[in-house]
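Before I ask anything, here is the structure I am working with.
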């Protein structure tokens, strides 16, 4: 492997820099929303127009996450030698992120956390039922559970892709492990990580105290379609 | 619809500006009190002396909520063209706020959140029993549940008005959705949103661990009347 | 009632000023420890060497709590006219604080909050069993429950004094209402308010998940006596 | 006991100063991660190359924890007279820390807190089962419970050492008391204190809502070995 930095076009260079800044900044949202402790959790973003993505280094404090410390990888998860941050090891979940980017071409961002309530559902291998309208808006139904899989081969990435392909939900609870979320870009995937913990917590407390009232399927459909198309400041609602 | 700004009297102009500042600032209270995540939640305030109210734009980050970004609407929920912020879409809950202002003339503020414990009661369609004195003070009895209703027509606004008209409570838990609160002004409605989550959480934990002791009705009445009339620095206690 | 400020000795004046500063500052500890929302909660401190105490004004935001806004009262709870802050109404719990100072001469500070878990035990009228060593250290046994009593006469103050007189605990859970704590000074009472919520929360979660292991009475006694006499930087351990 | 400061080599002096800075700074992590209230909790760090460790003073506010206030002790827990901070009493848990340093030579840091969920498991005397992969990574299996022991002799230290010697876990839940954690240095022990509360909380919520799915032992083993050897920026993974 050469240690020389590859030469990108000025446009790709600018895209890389923009994604580095997004990914570095978005880690602070994980902290602000109480989704991570210590160095846990990771955000990545695809570089538009290139077979590349940017991800957090492994085991580094949240206080040290600057754009130039983010790590540029190809879609096999290999670090691009000679680029900023490439002297460090990327997140230990890099292979799972890479698998998702390779197999889901419309995904522009991936997030993984061990947020408390999402992990609690995952430890029971139980999907979160869709009983609140905010969940219908954001996920269009229940949050599904993915298979038990451990680091070492492609099984985590494969589990994410198999569970979320063709599913409305942008979040999957990997059994005994925790949530992975996807989005059109890194910010959208972070939003999904924030919202999946919010609904995991709310539905946990709701169900503890008695039976839940289901939402009729046609209301779930209606809320999901409106939210995806109308909510926010433009039709590209989730950005 | 003309794009020209309407001409208001200097007095109304000053009122609009004051409400813009209140509404923008009060959104920070939602964050500070942990009632909202991401761009969720909305506060509105009626403009005294005019058939107008000010509300938050849709899907905009809490860090970007300045007075000039708030949106001025008439009581049908239509944006007043040509005024500050009118290039943006108002909160997707604007129709519900407008319905309340049209049908409850003494209401000067409306707040909606998806705060965790209030939504948990709403997902079971269960009213919160009045078992703590702070709840008797603030709400004068149980927090009622409103009907299941989804965005698209007047059904949310109608559900709020039907539930709260003639009720002591300034908060309603809309089934499967979450709390809406009203008040004499935006600040009073925000206080009700803070307090409804506080009592929803406290009564949730209380009841989890065993039977609750009811408060006699005459004590609830006495606490409610004292608090509405005596508490605080003047008789206009809840402002 | 004269509106003229009384004349105190220079020594008492200095004590009043010191207690004003302590009481104002200590309210921030209630916020920092998550014990209060909005304008709830109140701290008072006795003025050493005088039949006076200092308490928070009623219904005022935590952001506005400066020493000169604190209110000086006599031991009947009457505001001392003409002194700083006396144009405002004192906390609506002033009568209860005054009753405690009149009847418990060694009490130098009183605190009242509606902190979540302490109120949850109070809504069931259930004392908190002493199953963790930190609770044995700080309170020497269970946290007792006081009678149901509402504002309007001396019944709250009487309930606090009857429950805590001769009891090791510096905290009482007033039924359906919430915790009142006492201490050698305002800071010590605030510490008790922080610790009672901490143990109320911990024992709540502990008991939810299965049977608790009791601590032998002789171990409780030993921990309590050591902590009161040895812990901290001097024998006056709880200051 | 002489009051004269001992003379250390320049190298040891530099080590002492570095450990003072680490220990003082790391207390802020206990606060930031919500593990302590008031003056509770303590961190200590061994001085490399000397039979000495640095620990927090007893009962001092977290706002006052500067390096020069930390206290230097020998491995019997005696304060080294004449050194910075030696005019104060060390943490009341100093004897337990000293016992661990004397009997576990590879331990470089010890932390004790009363964090909510870890104490809740301790009050039931129940070990935390290993049902989430983050726990397999960090602790290699369940978090064990240590015996009931109170301050006054070596019984706390002995209980920690007996429970953790030869155990994968760096955390022990002392019955009715709370967690003690160890590490290669003070930072590593603080990380263990953060993670033990995180898993105690997550597994508490998980189990409240239904049966947990166990993780196969060979998967636990695989995760533990990978994490100890590969995770982070070097082989010295937990530093």
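The chains carry the letters A, B, C and D, assigned in the order they are written, with residues numbered from 1 in each.
In this section, a contact is a pair of C-beta atoms (placed from the backbone, for glycine too) under 8 Å apart; a residue touches a chain by one contact, two chains touch by 3 or more.
Owing to the predicted nature of the structure, the values given are computational and were not obtained by experimental measurement.
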item: Chains touching both chain B and chain C, listed by label; value: none
item: Co-neighbours of chain D and chain A - touch as defined; value: none
item: Proportion of interface numbers common to chain A and chain B (over half same, under half different); value: different
item: Chain B-chain D separation of Cα centroids, rounded to whole Å; value: 46
item: Chain C-chain D separation of Cα centroids, rounded to whole Å; value: 33
item: Residues of chain C whose C-beta touches two or more other chains; value: 208
item: Chain contact topology (line, ring, star, complete or other); value: ring
item: List of chain A residues in touch with chain D within their complex; value: 37-40, 57-60, 88-89, 92, 114, 116-117, 119-126, 148, 150-152, 175-178, 204, 207-208
item: Parts of chain C lying in touch with chain D, wherever the complex brings them together; value: 33, 131-134, 191, 194-195, 198, 201-203, 205-206, 208-213, 215, 219, 222-223, 226, 230-233, 237
